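By written order: A, B, C and D. Residues from 1 in each chain.
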Amino acid sequence: MVQQIKYFLKETVFNLWQFRGRNIFSVTIICLSFFILGIFLSLANNLRYTAQQITQNRHAVFFLKTNISPEEKRAIEGKLSNSEIIATFNYVSPDEAAQKFKEKFPQLSRIVDSLGFNPFPPSIEVTFNQKSLSSQVQLLLKEIKEASGVEEIQYNLKWVERVNALGRLLTAIGLFLGGILILASFFIISNVIKLNVLSRKDEIDILRLVGASNFFIRVPFVLEGMTLGLIGGLISLALLFLTIQIIPLYLGSSLGALTELIQFRYLSFSQSIFLVFSGMVIGLLGSMSSVSKFLKEE
Amino acid sequence: MVQQIKYFLKETVFNLWQFRGRNIFSVTIICLSFFILGIFLSLANNLRYTAQQITQNRHAVFFLKTNISPEEKRAIEGKLSNSEIIATFNYVSPDEAAQKFKEKFPQLSRIVDSLGFNPFPPSIEVTFNQKSLSSQVQLLLKEIKEASGVEEIQYNLKWVERVNALGRLLTAIGLFLGGILILASFFIISNVIKLNVLSRKDEIDILRLVGASNFFIRVPFVLEGMTLGLIGGLISLALLFLTIQIIPLYLGSSLGALTELIQFRYLSFSQSIFLVFSGMVIGLLGSMSSVSKFLKEE
Amino acid sequence: MIELYRIWKQYRQPHWALSDVTFTAEKGDFWFVTGPSGSGKTTLLKIIYREIRPTSGQIIINGRNILRIPDHKIYNLRRKMGIVFQDFKLLFHKRVFDNVAVVLQVLGRPKKEIRRQVFQALRMVNLHHKMWDFPSQLSYGEQQRVAIARAVVNQPQIILADEPTGNLDPELAFEIMSLFKEINSQGATVIICTHDRELIRHFGEKILFLYQGKILRKETL
Amino acid sequence: MIELYRIWKQYRQPHWALSDVTFTAEKGDFWFVTGPSGSGKTTLLKIIYREIRPTSGQIIINGRNILRIPDHKIYNLRRKMGIVFQDFKLLFHKRVFDNVAVVLQVLGRPKKEIRRQVFQALRMVNLHHKMWDFPSQLSYGEQQRVAIARAVVNQPQIILADEPTGNLDPELAFEIMSLFKEINSQGATVIICTHDRELIRHFGEKILFLYQGKILRKETL
């Protein structure tokens, strides 16, 4: 048993070296297709993050009557804190509102000052849960609107829907492209492995004729395929890390906060493992299937 | 001559058929890597479009003195129309400004009405050229600010810079990724072609021994490589069109205007030509270089 | 014991590569198969080691109908055989040593034994000094001898040799034939296809003459 | 005319595959080269058709030093030669017809002429009925005959044949040798490497004996 394992390992290493020309070509192909996949995964990580950022900001403002009673206010706040779809809410007094307005439109601040009274009503700013459905939101809005002490509700449903849609769009594109890319690179890699086996049909035939069992023939090929996949995966990871290091340098530092938003994120640990592991699995399956094709008798 | 061309063509077709197993694997790899490249180009088309949309909106507002004289106004307008970096400008009277404000902040319209006078100054809205540099913009702003009749300038330089940066970022990412993808797929394809030639070293050796000139040996291989690249390119185009057709179905119709913004655009005609043509060129170069390696004597 | 019973083999219409071949090689027999080029000698051997199946007929080896052995078990049959292929079938990416050793490696023999046996086999064909060369570095006759060494390294019960001396000089051919004879005298069944009349004259005990796939005659000297 | 002057060839230290071989084949000569396996026969031929270069020495063919011909022009030399390789070197993905025709195709001969000449050459080796088979569908001797047909199809000035009858029955070997003799009588220089003493005895005019890379003796009967 140990004897045989040693043989298989030696054979694998030997063949990897013996066919190094062809193996280098193959690993290059494998590595590059994983690299493309990795670049995409890195972008997708970021896309997801951006989508999260965007959908987090879904909020509404409830303008209250200026003369709202503390009981009415407490009732409304109670409703809001009981609702499952609300993440945070925040009371804004008329003074705070005026302050905010002046900050936002400095050239109009004179006007507000010149009024002699504060035209801004008190309000409550509400942020919705990311997972809340718009039907739930609408139900809640209707309920609040009918509560006494509420003057008006500002909630740009259309805009919010768009932002949500953008989030969904990004996720969908991510899944779709990711699926295509994963499939494509898996196809590419397994085809390269198959090309490798194809060119060694003679060897398989000879081994069969000198009394090798199918198992004996298959194992070194499978190990070889796995190693090629593994090496390709590892090199592509290294390449990916380098690229991600270089991109910010290339883009320059002038982007400020935006780099944060769109920067390339490293693959997560599980993604890296996935990449390398799938390299091995594809190598295994690819070589397995094509060796098997040759192991049939006439 | 005709004799020989006929031979080359027959030989190419024959070999494509004779090694169809291996050729199908190769074309699959070529096709998929072009497909990935194509998906990217399609996304990049869109990215560019989005970036344009964003940077187009770079604009400033010049608030004028309420009591500005027609001469002063004309002088400013003259300056603006002479400037190369300004795309459009538009005078907004106090009434128009009030109207706009009321539309934008309906719950504050009461306040404006209750003032009894129009607090908004006249203004000029300016849109800058896409290509204008921010240094140029700053120069112009300074000049206008010093003109008589101008009260204040509203130009959120920081925000505009960010938007510009986003545009640049998208372009840079596009170029960078595009470069990487193009390189990667070219590498993949030329390596596949090389693997093909590699497995036929014996044939080349035999041809040399029976008196074939290098030219005679090379041409069918080169034609074969070109055809493989061409077929791979064409199939990938077809696949790409199908995918682009399918994506909107998959994403659903709920996205409204956003689909317009992020939708996959078909490759432009020149991009399609580029794709197919580069397939041929890579096939040519790949087979050329690897045949040449074998055409050397011991 | 190898028994072929009414073997017919047709690769393609309308020619029969073998027609109605019935033939028995007892344990310890030393058979020559001869006949003109294309008369079906290689086909006969291929059927015995079951690289191909006959169109009709039965083959019994050591009491077992080998046509009934499933494909994935056929290696058990081949392990009893030492085969010299007409085109050698060497592994060109492996050294001479490994080409011979592979027969023992598939059996999982210990390393030391492999080394000893391979060296012995290569010495028998006078190639031990080229043990670490690749087949591409050998002359054609030397390659043929590697193929012979591989066939005999495992002291098989059955030896099938297809034109094993076609690229060897008469003296070497003589030596190789003596080697086969020696293995035969230890109890192995040997079947050799050859065109070499000299060898047949000298070593022939039992001779099968093929002509266009038919047995022309069997001779026992 | 082929002149080899003090040819030495070493593949690797310390053995010399050829040492100090000087040898002239006049136009119209019919030479046999013989010697034990590994004595350097194939190496000698390879040097003549310049697949390999000698370590030292000169080769003049038709008054031209072939070692000076640049690699990309060497095909002009090979076109004058018909070579039967010891391992045949057939194109296995092409039919028998195309394997033979390729020699004429590289010359750009018209289709009709190619068909006629190929058919003739295949008939000379008695294989015209297998014209549309692939080499893998032929017996080994049949493959060898394809290689022979390819070598003679273009009526070359020089024929180099490396063990061309190793897989043929004596009758066929005799026929093939007569074929070479006939081409020779039309003015071609023929060099044949063989182990077959019978053939040498029958057809030998000039014989070169090699032993361990050295010329043992030259004989002219």
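Throughout what follows, a residue touches a chain if its C-beta (ideal position, glycine included) is under 8 Å from a C-beta of that chain, and two chains touch if they have at least 3 such contacts.
All values derive from a computational prediction rather than experimental measurement.
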- request: Mind listing the chains that sit against chain B and also against chain C?
  value: A, D
Task: Report the chain whose mean Cα position is at the greatest distance from that of chain C.
output: B
Task: Could you grab the centroid distance between chain A and chain D? Build each centroid from C-alpha atoms only and quote it in angstrom.
output: 67
Query: Just how far, in Å, is the C-alpha centre of chain D from the one of chain C?
result: 29
- request: Quick one: report the Å distance separating chain A from chain B, using the average Cα coordinate of each chain.
  value: 23
Query: Between chain B and chain D, what is the separation of their C-alpha centroids in Å?
result: 62
Statement: Residue numbers in chain C touching two or more further chains are none
- request: Could you tell me which residues belong to chain A and also touch two or more other chains?
  value: none
- request: Chain touch graph shape: choose line, ring, star, complete or other and state it.
  value: ring
- request: Sort out which chains touch which and give me every pair.
  value: A-B, A-C, B-D, C-D
Message: Going by the contact rule set out above, which residues of chain D touch chain B in the complex?
response: 49-53, 71-72, 74-76, 78-79, 81, 83, 85, 89-91, 93-94, 102-103, 105-108, 110-111, 150
- request: Using the touch definition up top, name the residues of chain B that touch chain D in the complex.
  value: 3-4, 7, 15, 18-19, 202-203, 205-214, 216, 295-298
Task: Report the residues of chain A in contact with chain B in the complex, numbered from low to high.
output: 21-22, 25-26, 28-29, 32-33, 35-36, 39, 43, 63, 107-108, 110-111, 114-115, 119, 121, 152, 154, 161-162, 165-166, 168-170, 172-173, 176-177, 180-181, 184-185, 187-188, 191-192, 194-195, 198-199, 243, 247, 250-251, 254-259, 262
- request: Over in the complex, which chain D residues touch chain C? Could you list them?
  value: 11-12, 34-38, 41-43, 86-87, 137-142, 144-145, 162-163, 166-173, 195, 197-198
